[in-house]
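Pasting in a structure now, in structure tokens, and then I'll have a few things to ask.
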Amino acid sequence: MSVRSSATASVRRVATLAAATARPTTERDRERRRIAIMCLPFFALATVAGFVPLAMLVRISLAEETVWIEGWSLEAWRTLATTAEYRWVAWNTLWFVGLATLVSVALGVAVSHVLEKYELPFERAVVAAVSFPIALPGIIVAYLIIVLLGRQGLVTNAIAVATGQSALDLASATAITGLFLGYVYSLLPRATMVLRGTYAEVNVQAEEAARALGASRWQTFYHVTFPEIRPGIVAAAILTFRSGLAIFGTVLILQSHRVLTLQIHDEISVGSYDPDIAAAIGLVYVAFIVAVTFVGLRFIENEAVEI
Amino acid sequence: MTENTDSTGETIDGSNVNGESNGAQNERCGPNATDESKADRDTLAGAARGGPRPDGGTATAAASGEWSRSETAYSTLFGRPILVGVVSIVVAFLTLPVVVTVVSSFAQSATGVVPQGFVTLEHWRQVLGFGDYGVRSNALPGLAFSLAIATGGMVLNVVIGVPVAYALTRYDFVARDVVNTIAILPLVPGLILGIAFVQTYPEHGRSAVGLIAGYCLLKSPYMVLTVQSSFQSMDLVRLEESARSLGASWPRTFLTIVVPHAKRGIVAGAIITWTLAAAEFNFTYMVASGSPDPFAIFLYRNISNATYLQSAAAVSVYFLIVVAAILVLQVIGNSGFTTTRQR
Amino acid sequence: MSEVVLESLTKAYGDEVAVDGVELTIHDGEILGVVGPSGCGKTTTLRTIAGFETPTQGRVLFDGVDVTHVPPEERHVGLVFQSYALFDTMSVRANVAFGLKMQGVSTAERRKRADELLALLDIADLADRRPTTLSGGQQQRVGLARALAIEPHVLLLDEPMTGLDAKLKTRLRDEIGNLLADLGVTALYVTHDQEEAMAMCDRIAVLDDGTVEQVGTPAEIYRRPANAFVANFVGSSTLLEGVAENGHVDLGFTELPVAAETDGSIRVAARPAAFELGEGQIEADVTNVTYLGDRTQLTATLPDDTTVTLHADGSDSYRVGDSIPLSIDADRVHVLESD
């Protein structure tokens, strides 16, 4: 009885709220209606182009028959859980992206620090150089790595001339090191963008006060500067890691390391058409990204997050 | 301790690499601008040696806790040059291949360390579909198609992104944090979205409308963030309240006061989303089905199956587009591809 | 212009009560000051009159008409903010004409009336400039002209002078005060600066913690504060504990011929001007001396250990530790209602 009446009460409350939003009388109701109206277009698109396709992925991963998407089966998930190769791909992805993130964030700290604290002669040019690659898609990054390290690459040929070795033997663009540099090329600018924002907000007066109170340079950095940039470093690491997981074009061209995106691509290629497995991997992957993001965001303020 | 620090200061100033004229008393006097910025730099020297080592490890000196005098002096002597060196390598790594690509797109041959035989427009001609061999697909229809799609995505982004950015900046509501996270973080990568899209909408997923919707959703965070930062930098609530107290209805206030005040952010967001959509590969690769080839597919073909120099010309076409976008952004006051407004 | 009445106005945000049963009347053509510490509910009151907050309880009446649920754009109130909130995308003239445009006034008429107002506020020469190119004082004049252009029922000013420097503030204060009086504008003037309120307003309402502590003319508020809060917020006062008896108040160390409504334990408020230095039976020990140029402010301890603020002439002869004689002018002492 009491359960029912409280349920009735909450239904009534929701109904009142909906009615007030539709035909507002107070300023608060009008405001609520405005919020709904302003969020509506975005959510319409997110639903049609995002949520519904994601739900479709769930359906595909559970389908028995994957061309017409009929029947129900856990086969794809079972394969995913029991095949050692998939675990190997997951591990490949995690360490590779993790390492690329670490390097990118560390270099990003250095670049941001130099840009913020030093007087550089070509500061605008440096800023342009480190932000320009954000606009480059993965396939172009792959090409730029080929330009540096491929058989006809600048660095390859320079070393070949210097050491007398064959350029063919030296080419490392399609080796794992080349791919790694490609990842860093894509990720470093993103990490730097977040960290520059953080550095711009570091309280210089607090640093000065610490110095005036007799703290050494290292102590000042450790006790004042570092705690201030730490949330930025965490934010940069999360975002860089997320972006790193999503890299596909670069791997597609350089092909030297089997990461998740490449695996998904192969699962739906002609010859090994397994859309249910591709969907299952994709879902695990999305769930993982969402989890990393939300867990990571718990450690920092939302405001620190940029793309 | 104080004694120690002061004498350290003297040592540092004595061996100062960039020869700024300051001394121990300056150090002692406190907030002198030049002096302090140097102090910050030196602070950094400690971090620099630890932080940016390419293997991601930490330097041993950093772990030793309090620094002794000689170590501090040592770090000042080498810290800044090392850090500037690291940044120079980073900048070279990021820019050198771009420059080489553009230069070699005009070269006749690419054997040897540097490309040779300038200037030829042969590769550009081929790439743009006027050549006799190689990838012969004419790029211009694809380019035009892609730019039209990107423009569609951009327009749609203005329509959906500006309102949601406004709601998130202006109002505080129950699900604000969740909506904010969904709006500013692309939770689904382009590759997965592409696969799901084709499966969900087998008939329209591959059409121009499908591409526009996908581009718009994938790139909307850039629009939302840019516009948000524009809204944050103005006195949004009071501007709106002024207009409404003067008799403007809320929709009218939004259109005649709020949107014009955020014009710069909207334009910047539009340019960024447009440029990124023009070259979005992962989603396009999964969704597009030829005829005309979107620009991203055109790039892919030219990179994966064309001669080295022809690829260079194809990639340079995209560089031209990006440079144009950045120049426009600079003109309207954003420094490059960032969603935050620089001071 | 209209008369504005707030009837037992209450505004709560969840459990937080920002405004608690406020009863206020702004008479037609009057400038009513609202003063109080930050968080006392003065801005919420203003926003409720403007219509940006709907009260949890109570009503807002304009000339007897209930406007509690009328949206802001239909209320005809003028708003002037501390941060000006001018439309940077428009010229100064377009800013002033904006409200008229919303009313559908013709272009020529709008221009004429905007120019008249700009002339009235002495900024006719700025009409074609952008607001961002103006100084703070000039921007505030534009803000005022813009609000006055729609001939509002009531003009609401939210700390309009706070961002300005002291000298400009004094000049603008006098000028605007006279202008509003000449135009017969009904206005609510919110400020945390009681001196500004006393200079500009016909009456002042003192708010604390969401309730009205006292409403009265500046002189009434200053001379006869209703309670300890008002006595302390509006100017500085010394509160003295005493016992009232037969038209006298016994403070322990002295007796004052002051009548209280009831006998027994009471408190009296004494302004610095109530203490006459140099002669008298009371000995006070100086604990702090602040030389302020035209006067010297002393902090001293009375025989019953009450700390008192005294104003002496601008001599620099006082020293910490001095013992000075003083007397209390009974006419300038006010018995507080029991609270």
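A few remarks follow.
For reference, chains read A, B and C in written order, and residue numbers begin at 1 within each chain.
Throughout what follows, contacts are C-beta pairs under 8 Å (C-beta built on N, C-alpha and C of every residue); 3 or more make two chains touch, one makes a residue touch a chain.
These figures come from a predicted structure and were not determined experimentally.
Farthest from chain A in terms of Cα centroid separation is C. With B-C and A-B as the two chain pairs, more C-beta contacts join A-B. Separating the centre of chain B from that of chain C, both taken as means of CA atoms, is a distance of 51 Å. A straight line joining the Cα centres of chain A and chain B is 14 Å long. Those residues of chain C in touch with two or more other chains are numbered 51-52, 71-72.
Among the residues of chain B, those in touch with two or more other chains are 250. Among all residues of chain A, those that touch two or more other chains are 30.
In the complex of the two chains, the chain B residues touching chain A come out as 1-2, 5, 8, 30-31, 36-37, 39-48, 51-56, 66-67, 72, 75-76, 80, 83-84, 86-87, 90-91, 93-98, 100-101, 104, 110-114, 156, 159-161, 163-164, 166-167, 171, 173, 177, 179-193, 195-197, 199-201, 213-214, 216-217, 220-222, 225, 250, 272, 275-276, 279-282, 285, 296, 299-300, 303-304, 308, 311-312, 315, 318, 322, 325-326, 335-340, 342-343.
On the side of chain A, the complex with chain B involves touching residues 30-32, 34-35, 37-42, 44-46, 48-50, 52-54, 56-57, 60, 69, 99, 102-103, 106-107, 109-111, 113-114, 117-119, 124, 126-140, 142-148, 150, 152, 154, 157-158, 161, 181, 185, 188-189, 193, 196-197, 200, 204, 207-208, 211-212, 214, 216-222, 225-226, 242, 245-246, 248-249, 252-253, 261, 264-265, 268, 275, 278-279, 282, 285-286, 289-290, 293-294, 297, 302, 305-307.
Across the complex, chain C is touched by residues 25-28, 30 of chain A. Across the complex, chain B is touched by residues 50-52, 71-79, 81, 83, 85-89, 98-99, 102-103, 146-147, 149-150, 152, 156 of chain C.
Across the complex, chain B meets chain C through its residues 235, 238-239, 241-250, 252-253, 257, 260-261, 263.
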